[in-house]
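I have a structure I would like to understand better, so I am pasting it below and will then ask my questions one at a time.
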Amino acid sequence: MSTEATPQQDPQSTVAKKPRRRLLTTTGVGLVMVGLTVLIAVLSPWLTPYSATATNAHIALMGPSAEHWLGTDQYGRDVLTRTLEGGRYALLVAFLSTTIAVVIGTLIGAVAAYAEGWLDEIISRVMDAVLSVPAVLAMLLIVTVFGQGLWVIVLAVAVVYVPAVARVVRGAARPVANSGYVTAARARGERGLPIIIREILPNVRDTVMVEFAMRASWVILLVSTLSFLGFGANPPTPDWGLMVEENRTALTVAPLGTVAPIVSLAILVVGVNLAADGLAKRMGVDRAARAAG
Amino acid sequence: MSTQPTEQTETPVVEVEGLSISYSAGTRMVPVTREVSFTLAAGETVALVGESGSGKTTVATSLLGALRPGSQIVNGAVRIEGEDVFALDAEKLRALRGGRVALVAQNAGHALTPSMRVGTQIAEALAAHGLDSSAEKVQQLGRRVHLDDPELLRRYPHELSGGQQQRVAIAMAIAAEPKVLVLDEPTTALDVITQRAILDLIAELRAELGVAVVLVSHDLGVVAEIADTSLVMQDGDVVETGPTAEVLSAPAHEYTRKLVAAAPKLKTGGAASTSTEPGSVEPLPATEPVLSCQGLSIRYKRSAPLAVDGFAAEIGEGQTLAVVGQSGSGKSTVAAALAGLLPAERGTISFSTTAGEGEGADLLKPAGKRSLETRRAVQLVFQNADLALNPRRTVGDAIARPLKYFSVAKSRSEIQDRVGALLEEVGLDPSYARRLPAQLSGGQRQRIGIARALAAEPRLLIADEITTALDVSVQAEVLDLLADLQKRRGLSCLFISHDLAVVQRVADHVVVMKDGVVVEQGPVETILTYPQQPYTRQLLEATVHIDAA
Amino acid sequence: MATFILRRLLTGLVTLLIASFLVYFATAALPGDVAQQLLGQDATEEAVAAMREELGIEQSVWLGYLSWLGGIITGDFGTSLVSQEPVSEIVFGAFGNTLLIAVPAILIGVVLSVLLGVIAAVRRGRAADSGISVGTLVAMSIPEFVIATLLVLIFAIALPVFPAVVLSGSEATLGELLPAIWLPIITLVLAMAAYIVRATRSSTIDMMAGEFARTAELKGLRRRQVLTRHVVPNALLPVLPVIAINIAWLMGGVVVVESIFNYPGMGALMIESVSTRDLPVLQAIAIITAVVYVLANLAADLLSMIIDPRQRRTSGTVSAKTTEEAA
Amino acid sequence: PMSIPQQARTGTPSPGGTMRIARPAASAAETLDSASSLGAYEYLGALFNRLVKMDEEGQTVPDLADDWESDASALVWTFHLRGGVRFHDGKELTAEDVVYSIRHVLDPDVGSPQAGTLESMFGPDDVTAVDKHTVRFSLQTANAEFPSLLTSYHCYIIPEGSAAEIGRTGVGTGPFKLESYTPAGAGVVVANEDYFEGRPVLDRIEFYSIQDTTARVNALLAGQVDLIAQTNLDHPTARVVTGTEGTTVARMENAQWYTIPMLYTSDEFSDVRVRQAMKHAYDPQSLLQTALQGEGDAGWDNPVPPGLAGRLEHNREYDPERAKSLLAEAGMEGFSTRLYTSSYEANLTPIATAHADQAAEAGIDLQITNVSADSYYTETWMQVPLMVSYFATGRPLDQLLNQIFRTGSGYNESAWANEDFDNLLDDARADVNESSRMQKYMDAQQLIIDESPHMTPIFGDRLVGLSEKVVNYREFSFEFDYLNIGLED
């Protein structure tokens, strides 16, 4: 056939070629930052000779030295060790809660987009209502009611972010729900759920992936804020937010105890953001425009 | 400009000399145009013809000293009245743009700023070149493009029809009385009647203002109508140049020949005006009707007016019924109702699922309530092939789904065989089953859409503007394929189009719609040769002809 | 347009109704009650029971919800279980104080970020853009409690330019609050600007690449005109919902800021009411923030209607173009 | 590293001046009625006096009463009031005011936390005015330590008939008069020129409420306040405050009594062997070092602070091996439970952290669980098996033992119920012989150490942040010296 088309002839792909290479490097930097944090969190027990939790009163609040590169905290624990291990809690909570929020939010959003009509209206109103309650208040309430175990925090964060994800996914799924292949499936007489699973979900995958990355960065911040407020990780867990809370009063005496976790946190979040940006551009999802959804 | 030699009548207004433009992809330079040259004198019109992506817009906009970001001139020059536009400083370039060379962009709907009243946008074009931009002057320009009602100029772009938007774009372009007018596909997005009006307006302005016109189009009919000279482009190369009439009647290059051959030609039997001849409205098709609908009325919202009012038609076995009419006349609405995607307010639709059964299933039911057999027997092919295929599923998946769903084939290997056979039937290699839609050209995608519909082994195929988005050459292939399949399988077909030439090529019968109402129907030849209704005549007259040149 | 506003108001009301339902039942589920909390660790059972009766917190939740809802409709949020004062007085006082930092933060934040976003878009790929991008990335990556702590350290303790905290409580006068609002405002601006800057940058770039901007440029307009008259108004459209969300977020975001600066606003009141289980106050706070959320979204919708005439579509006059798009 | 000052600055203040005090925000329901559980503690000492108060050795000394005595069986107690004392509104103090105030504390509608302690000894009618300046208490059971019970900060004396409005007016006999007051907000008191011990040094004290501890410290560091009340600084903060120009730290030795109650009624701690194992499992010396950097004293599980008369000097041992074998005996090897803590007080979490780390060496796994500070004493306290808690020291010995260890007492946070112990206390109270009474109190202490579910790991110095201008800051027990405190220029 004469109209044999190779991908190169597709005008879209040629246009995208040049920026893609550069973006890959930004994404790459972001992924490296995230990957390193994860790797360090996993390997941390073997990276320094110290325990992250064992106290030693004799060396409390020491400045940096050859033995303790970043000094020690008020219990004489090695700041470097705690900083290296400090990403575990945030990463775990962020991963679990983001996954739950994104999975549930995606389903709700896709159902709303497909359903249109009154079901869509009801879902949208409920999601809006949940969104209208400040996240911090919601978290406070949930944590006060259910205590502050890991799973409570995970679920609380998920509850807070489900509506935001649902809203974004609904927006992305809307045009898909009106597309020819969905119409074709409807004309074939297929039911709602198979259509959502077979036709709609695969096509909001990009949005969902970007959403995942972006939510993750917010969740990491939120989790650290929770730890900071005393609702997150329990001592002696080495957690960045908790470390900041524990050490911030001594900021002028032993600044590294506070600075190290903040910098680590910032590196992780910057990494996640860079990765999300790169991903978004590659996937053609406008990330900035939906920020703070 | 004082350094310019005194004016000579022979000096061309536009000189494009060996223009090569490339854009950089990484370290590579990808050529967009190669060695394009032409000249143009005042009052002349040159057309740039070629398929999508051949570089037409790139050449056209270079006349305004504009390049897409990332592109650069590798070679050659563009001179307007002897001045190299790419050597101009910023201020002079600004004066050139809209001053001596004006552009009417490809899609007026997108080219007008949505948040600004159109009158203001015209006034801006005047003010930018230090001209009087009073309301009076704007209205005067409006009248020039036949937007006589000053109220129209106070509207926002979205409150105008496509044709009116195009007029505003033209008014903006001629505001500063440029020497060169660049028209980039000025009528592609318009229906035939509106297209006719715009073409007439261009001709009128050219005569009045004596401007040189650069016309970009892939529609040979349009080119034939207004261009003195034509440049045929393919992949950035000019493959043929010459007076339009010559190029179209005796194309030298193979690519041009293909273009000309593929262009649908409307034969009106040379008697479009003999409409007074008594055209007996043909009796209904002699064959057993597969589909018959009466008094079909459809409304979108309860308070809205009827989108379709009393539609009635029949389709015989193996026959094609075309529905034509300008945009918004209700064609797609009828299709959606037949497919069970829209509820009808009134009327009957009966459909026989198997041959010889007469009164069969009631198509007034929504798709979900119809029997599996009925759903299988009615299949849709969509207008926009890009949107009709799930970009995340392979071609094989798309075709296999109806096979499985309607239990046409059961076992895995059987399904695979059927998919391969269907692909071959629509002229594609079975290996295409593994591809994703993005790896196909537009024409190929449309073939997949057809294969998917055929997989269900339907009796009735509903095709809604299935070739509108395709290039002429591809369009011809798809139409041939459809006709061939129909013959082989004895398919009935409801074919929706606004292009009369296409309709003439594929349909047995035609229904002409206007504002949701059927104004005329009958056998194609009768209707196109002896149109009874003024509207049908208007449609026919508006159609451009490749052999007009 | 009027019907559109009416419709939006109505959906807003429905949202509020659902929110009120969620809030009421979530707060009612809080373990422990105000009586226990008030009397503290020394309380005897009898004293707690007596207090409970006195406060009238024994009735069923459903009845409670209905009478509470009825109260709200008549503008009566009930009486604080703790201070025994009308809730509306307490909450609106705190709300006013919060507005005192939130409104300037929003105004400064929005103007500044839109400006920066446009600059970054115009200077795309150049130093200014990179600087702004890095800045927003960092601002997005540092939690606001860190920003606030650093600001206090630098501008209140090391260089005593601003007070570190607000000393007077809820009865603080405007004169007492004014010197103390700047650090909270800066914190809030920094925390929310990043998102708006990025949204503005990206949509401005989109609009600049759009056909109408190109047309405007090719008809001979100056770049500044193209930008201010054609690009920016349209680029703001997708930014408006981001701003609205940020305004709503601000209502919750003030919690951390207010607690760090001891600012007597709604965030501080929220923390206090959670700890004392002062449910009527909590519920009122939640409703007010929900109203802010709904109003911010409504305002964003209205503004985008003003900017974008396409959204002003009134029923009946559907033009040819719009139907083409709808089909 | 910089060391924290051993004691507050003393010196001669310049007369007059305004001192600004930041305190934690109380609930909006707080009141100036000292009998209530919601009394605004910082104001009370400035506005009111009691019959008797406590000195730094824990001895009961005169306040409004300049003398008191009992009959031989310690059943009838008579207090003689100082003459010529006037309330802020000019009314003269009489025995009727005292009777009224004590009956106010006993009033069930007031729900005073001190009511229970007093009720067990006498009813409202058992307190009578003998004459204008003499008050008599007729006890139903003998109590040789009775006066010390009246040192409680719930027993401030208010004018007769003022109960309804005292919560807002704050009319007392104290060194300062109330100028303004907002519950949970700001308030001002001004010098009482007619105070019976002479005018206070300061002209004015302004009180401000700041909820967040760090915000309170920041206000001090930024020079917005001169003193932060009710805020025991953790060690790092104390170092920051010491190291910052213009601010310093005052130390109240052993003022914080940290406890780790094991809930007697819980499954875990009903077995005395498990309780003993818990006590042997940790080293209070090293815990003190880790949690408080040594700023305090090891407690060795005796609740009576060093320096308080009647303290049993003993030597329990740190013996993790013994802890292990005790656990094994009880069939609880590898014992694991949650150790609750909160930010209610700055050192609770450091103590939990240090404690859990030490217990791990004895094979006991304590998972620290941090809960919200605002519900710590309502939702967690006395409801979970193991938590970190604290009291202020400075209770008289008898009050300490009775309030916190007697069966069913309101502050008995480990819910310990031991008849022998209760009997010992009863015997002691009835014993008018000083030395045999003291011996009984010491036996009681031994019982607490050996059997009770109560741990006192350490006593901590209270570290109070204040401006370097503040001189003569003195605070002990629930007493705050408002009279002599002042500012230097």
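Here the chain labels run A, B, C and D in written order, and each chain numbers its own residues starting at 1.
Just so it is clear, a residue touches a chain if its C-beta (ideal position, glycine included) is under 8 Å from a C-beta of that chain, and two chains touch if they have at least 3 such contacts.
Not measured: the values here are computed from a predicted model.
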Checklist outcome for this item: Most remote chain w.r.t. Chain B, using mean C-alpha positions, is D
Next on the checklist: Count the C-beta contact pairs for B-C and for A-C, then tell me which is higher.
Outcome noted: A-C
Checklist entry - Between chain A and chain D, what is the separation of their C-alpha centroids in Å? => result 46
Item to check | Chain centre separation in whole Å, for chain C relative to chain A (CA means) | outcome: 22
Checklist entry - Which integer distance in Å separates the CA centroid of chain C from that of chain D? => result 43
Item to check | chain D, residues touching no fewer than two other chains | outcome: 214, 244, 372-373, 375
Checklist entry - Multi-chain contacts in chain C: which residues touch at least two other chains? => result 31, 149, 271, 274
Checklist entry - For this entry, which pairs of chains touch? => result A-B, A-C, A-D, B-C, C-D
Checklist entry - If you look only at chain B, which of its residues touch chain C in the complex? => result 61, 64, 66, 69, 94-99, 102-103, 105-107, 109-116, 121, 124-125, 128-129, 156-162, 165, 169, 172-173, 175-176, 303, 327-328, 332
Next on the checklist: Touching residues of chain B toward chain A in the complex: what are they?
Outcome noted: 23-26, 30, 52-53, 70, 339-341, 367-368, 370, 372, 375, 378-380, 382-384, 387-393, 398, 401-402, 405-406, 427-428, 438-444, 449, 452, 456, 473-474, 477
Checklist outcome for this item: Touching chain A in the complex, chain D uses residues 1, 214, 217, 234-237, 239-240, 243-244, 286, 289-291, 293-294, 341-343, 349-350, 352-354, 356-357, 367-373, 375
Next on the checklist: Give the list of chain C residues in touch with chain D in this complex.
Outcome noted: 31-32, 36-44, 47, 50-51, 80, 82-85, 90, 149, 152, 156-157, 160, 163-165, 167-171, 259-262, 268, 271-272, 274-276, 278
Checklist entry - Taking the complex as given, what residues does chain C use to touch chain B? => result 209-222, 225, 229-230, 233-234, 307-310, 313, 315, 317, 319-324, 327
